[in-house]
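Letters A, B, C and D name the chains as they come in the text, with residue numbers starting at 1 for each one.
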Amino acid sequence: MKADRENRPLLQLLGINKAFPGVQALKKVDFELRPGEVHVLVGENGAGKSTLMKVIAGAHTKDSGRILIDGQEQRQWGPRVSRSKGVAMVYQEFTLVPFRSVAENIFLGREKLKTRVFLDKVKMYREASDQLVSIGIDLDVRLPVMDLGVGEQQMVEIAKALALNGRILVLDEPTSALTVPEIELLFQVIRRLRSKGVGIIYISHRMEEIAQIGDRVTVLRDGEYIGTRNVSEVQLDQIVVMMVGREINNLFSRSFCEPGDVALRVKGLRDGRRLKDVSLEVRHGEVVGLAGLIGSGRTELARAVFGLDTLLSGSIELFGKSVAKSNPPGSLALGVGLLPEDRKRDGLFPILPLKHNVSICSLRSMFRSGFINPKVEQSLAKEYIDKLQIQPSDIERQVKYLSGGNQQKVVIAKWLAVGPKVLIFDEPTRGIDVGAKTEIHCLMNQLVNAGHAILMISSELPEILGMSDRIYVMYEGRIVAEYPQGTGAELIMRSAMGFN
Amino acid sequence: MKKKIFLALLITLIVMAVYAGGGKEAEPTGEGEGTLTFALITKALNNPFWERMGNGARELCEERGWNFLYLAPTKAMNLEEQNRLMDDLIAKKVDGIVLAPVDSAGVVPAIERATQAGIPVAVSATGVYGGDIVTYTGTDNYEGMKLVVEHMVEVLGGKGRVIVLDGLLAATVGQDRRKGVDDVLAKYPAIEIVARQDAMMQRASGMQVMENLIQAVAEFDAVIAANDEEALGAIEALDAAGMLDRVMVSGFDGNRDALTAVRDGRMVVTLIQQPEKMAADAILAIIDHMNGKEVPKRLPTEMILASKRNIDQFKDKIDG
Amino acid sequence: MPVNNQPSANSKRYILSLIRVCREFDRARVRQIAFRFFRVLGLLLLCAIITVSNRNFIRLANLINILRQASAQIIISIGMTVVLLTGGIDLSVGSVMTVGSAVSGFFLTQTGLPWPIALLAALGAGTALGLIGGILVAKVKLPPPIATYGMLWIGKGVSFGIMGSTPFFGFCNEFRYLGKGYLFGIPFPIWIMAVLVTITFLFLKYTTMGRSVYATGANQFAAKASGIRVDRVLISAYAISGFLAALGGVILCARLNAVDQDIGAPFLLPAIAGPVMGGTSMEGGQGGVGSSVIGALIMIVLTNGMNLLGISSLWQQFVIGLVVVLAVWLDVAIKKRS
Amino acid sequence: MVNRSKFRAFFLRVPTVAWVLLLMIIVFTISSPHFFTLHNISNILSQGSILIILSMGVIVVKITGGIELSVGGVMTLAGMSMAAALMKFDWPIPLCLIVALLVGTFFGFLNGIFVAKMGIPSFIATLGCQGMAFGIATGMNDGRVFSGFPRQMGYFGGGSILSIPVPVCLSAIAFLSSFILLGYTRFGVYVYAIGGNEESLVLSGKAAWWHKVKAYMYSGFMAGLAGIVVTSRNMTSQPMVGFGMEFEAFAAVVLGGSFIAGRGSAIGAIIGALFIIVLRNGLNVTGVPTYLQLAIIGPALIGSIVLSILVERGLRNRSYAGK
């Protein structure tokens, strides 16, 4: 009985094809999910993971191929059908309604009714909070979602998906915005569900998570099915090879050089919200890592230094000269660049062509007269597109059609074009495939060797450890520790979590 | 801090804004017993004609020491808004309302509401199809237009190609004047209507419609417009096309700039109405009615054709 | 293709390259041009239809007449386009237009001052109203339609404050030249319009400021994070719109030789519909001056045509409404294709 | 802390414009004895009924993130077609009422399809429908009015139930239906969801576009109802009567706190509508000449909107545009 449940897959995809105008997103992809397994799906950006998920959810219609649930072929497949078959999605971008209550969000589309017409709010509130408690979260379900933190929102998102009692749970990069304890919590939830026989498709960029949570792993590359392995029988770097199709011997290759004098020095920054007395300094020719949990104030620090957010008190000093009141245009002029954490929101102009995205920051310095010379602009764009190998290199293409990694490169290119002396990278490689990651890291190398100063914020310890000359650790809006290069991960983690 | 101040400012601003209105009433009217309050409701604010009605009524009330209130729809010729104004005046319990109805039928229920509330209503400038009104003062648009057209026919010598600019057919005035045109021209088969368009009684549209018709209709001898605004718009268009010397234009209302145009020979004829008198007569009629005097249901205001022949008589109107 | 039945390697390569070329061909740039062209084509088609049914349409005199009528509306639409590009909308243009003409009328008829002063005063007033609107949007962060709807009422108040309800009329000829004058046989308003279109075109395409307008419309946050002074961009966009609206008002009243309270109101909705018909997106960041010209022309030509064909003005509204919807739909559909 | 958040919640629930309205009422009451009288109140409510009914429809569309600029025209056309059915084909009155409602709903449907299916921006789509509606309304009777209806026709505008004017009852019904619809039914939840994050609704397997269409149809239906009321109030159907009403309704819902997609409520909308009506009525009753009113309305409108937005921002110290 159990056996044949084991060997009959919950979900089977056979030879799925899906094309978008211009690109073949999926080419004959096969995929299989057994009950009670966590099936990790990996692949570079643009490998077609998200497309595949959307096909499974019915949000995209496949061009050809077969979808089988419990071995029966599904002829018409759409959002409703997939839900009725027990497919539950947790998307990377939150799909919550900001102004509405947690409960309403959790039950969106499946509201509880009394007398067939009216909402049964009491029941919804009760069941919603039960749902949250069952995954170990305690929230006031009456609160509007917009009043929650990112982590909490993510949890609501998951609770919403689980509330379906789905048999097939799809998690698309669920941990990208979560703090370490929250991730641990999430994994507990996942294990519990797995033991209940739920099949879980888990998309991630974080290699270490494959080992932590996965049973099997399937790799996609450029929309093609590369292969499926049992996690127990495979080495991580083999998977990496499958993903990128080439050998990457060392993820983090840093060539260290002698740091120069101080480029950026901040003293006692306070913003009245997150930042409580932050002081640090960054020298020319060094990468300074800034570790810390989500919400420890790292991003706020970056934004404040660049001048996106206002400060209550504290001083910022650039190249020895103190900055009265930092604001983006001023920082730009002084040669400070910020690679924002939220790329889509703060970095890109999705509907503008590639060339304009690259040139936007440098226009003012390039064309002092205020008149743009298109030829010059184009050559600039071309230069940086080649330098960062942005694909596709069509400078007229709207950047919304580029893959995540390339978009990130565009944002970086935008800043490099200005030629800033101090660069603040906030999560430079979040949600980026291994290939692009290494490219970006090499780039950082070149930059520091050229004497730039880089302040790198990252949630990935390996990255922090591998890339930085010095490491600051933030906790609750304060710098709680400073470590030299080559410090052990545990130590940093401890201070990041506030043990001293 | 900054925001709080801003808030405070805003609140005060709103209070002042509203009170600027509220305060108004105190000085001029003061709600005292004995002093009567009359109100005039016109059709719009975009035509001097209504302003002139307002002035006429205001002067009368000032010299008699009555309170006077002039209201008009902010949206030109808007029936709904005009009825709201009626209701508000009923609530205000004014002693009498002079109304220039946007629509002869559409205002009847409002008038009935007023009479129920015991407020006498006199209509002016445009008649109504019902309701117990004190009287209707004003020129008869139908008859007036007939006069104008007869004059045009005369100067045309009983034949020619004519363009008719109707005015706001959705409103009664427009229809009355159109009827006037049709009924006269029907009698002269030699006169051909080569085109007709509704120019909404506005100068801008008058000009635009004319410009297009100039292109559409090669040859024509005269333009009969439903009011002065249209006529003056058309004149500008014709002038720009250099056709004004051979095309004759007629207006209606006798506003100052129209009379000027007649004097300068740009407009052939217009019909001088006397909005000031209409409004004043209406108020006087209401007074008589209140004093129990018998008031004729129709008080025609005399109307005069103003053409080159007699334009000198109206110097004062032009300069004044 | 060569007519030999066994294709030589040579011709094969030729075919392949041809295919490659075609692949390259249906890429963005060419397409965008094609789309522009589609709209123009639509306009020409419309003209053709009208011409077939009434020859007078195609006469030079009439075409000039159309352009002259369009000039005021196009000038206003240009300003609206700039605002639309920032992702906003300006509901106040109509009443700002009235204010513009009211102010000029006031200076011309009620004061002895020379006409250039009147012109400047009008433009100043328009710009000022635009500025306020812009500040409400950029600093107080009101949603644009709300802020500008408020300004619409403010404008009404101002113009009534200036002229009550007796129109000003009888302006000096120098001033009226703006509206009815000719230069090289072409009406002066058309010249003004042409100049402004060119300037705005260059401004949007070839200046950093213009680029900032697009950037702001495409993504405000990113614009801010890229060191663009978003507030300034927004405020100046609305100021420009106010300025152009006032100018439109001036030209109109110079042609009319008079000002009345409702002179501007009818221009608001066409001024918005025009650019959108022409392909300016209401989300901002996409479009340009060309759109406002084409959109305005489509509407004016349509009206002119219907008058030529003697379609009762009672039904004209209906036709225009229908055409607006269809045009925008076509535009959206084509955009989706790319 | 607790009672502070209570206080916060309370002020968030009550739209700020309500306080301004209250203030305004007080001022007017002080400055005119005729303002705060039973007669004037019933006058305000019955002349306000049309605007209220319209805004009850428009708010639903506004919450989905659309701008509804067609109600003025649709309301007119509904009235005209009802009158035509009555006078030209002399159908029985109940049938004519249904005609009006159907016409309204149909145009709502058109709007919905244009917006949700064809992807036309709501501003343009509704604008187009406005034009078409007015066009038909003027064209169908050569621009002339319909009048001389049978007496019973006046019931919906002039009659009264238990001494409450019928229009007031109708607007009350309209309010209740929107209130319940938005607050206590699935459709309401979906409307808010479409406004807040349409994707979320699509992903939860609901045909968001169809709910959007329904929202527009509802607004159209309300416009039809308003058409009935206005026609029977004036005992005339005039092809320009609804001109500009769409903007009044827009202002009403915005005043009521529907600044951006996904926000707003029936209560807010009705208060907003009352705000507009009371402002005009108060100014008239206190005897302010129209041209002076024009100078007052603008600042009052924009002032109270700015005020309520700032208050909301102050209360929730987050970027209130949400995520």
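To be clear about the criterion, a contact is a pair of C-beta atoms (placed from the backbone, for glycine too) under 8 Å apart; a residue touches a chain by one contact, two chains touch by 3 or more.
Predicted, not measured: the structure shown is a model, and the values here were computed from it.
For chain pairs A-D and B-D, the one joined by more C-beta pairs in contact is B-D. Centre to centre, using the average C-alpha position, chain A and chain D are separated by 44 Å. If you average the Cα atoms of chain C and of chain D, the two centres end up 30 Å apart. Measuring from the averaged C-alpha position of chain A to that of chain C gives a distance of 42 Å.
Not a single residue position of chain A touches two or more of the other chains. Across the assembly, chain B contributes residues 45, 72, 74, 169, 198 that each touch 2 or more other chains.
Counting partner chains per residue, chain D shows two or more touched chains at residues 138, 142-143, 291, 294-296, 299, 306, 310. Chains touching one another form the pairs A-C, A-D, B-C, B-D, C-D. Residue ranges on chain C touching chain A, taken from their complex, read 27-29, 205-209, 211, 214-215, 218-219, 221-229, 285-286, 338. Against chain D, the residues of chain A that register as touching in their complex are 57-59, 78-80, 82-83, 89, 91, 93-100, 104-105, 108-111, 113, 117-119, 146-147, 153. Taken in their complex, chain D has these residues touching chain C: 67, 114, 118-121, 123-125, 127-136, 138-139, 142-143, 247, 250-251, 254, 259-260, 291, 294-299, 301-302, 305-306, 309-310.
Chain C makes touch with chain D in their complex at residues 89, 136, 140-143, 145-147, 149-157, 160-161, 164-165, 269, 272-273, 276, 282, 312, 314-322, 324-325, 328-329, 332-333, 336. The touching residues of chain C, counted against chain B in their complex, run 54, 56-57, 59, 61-62, 65, 68-69, 156, 160, 164-167, 169-170, 180, 252, 255-258, 260-263, 266, 303-304, 307-308, 310, 312-314.
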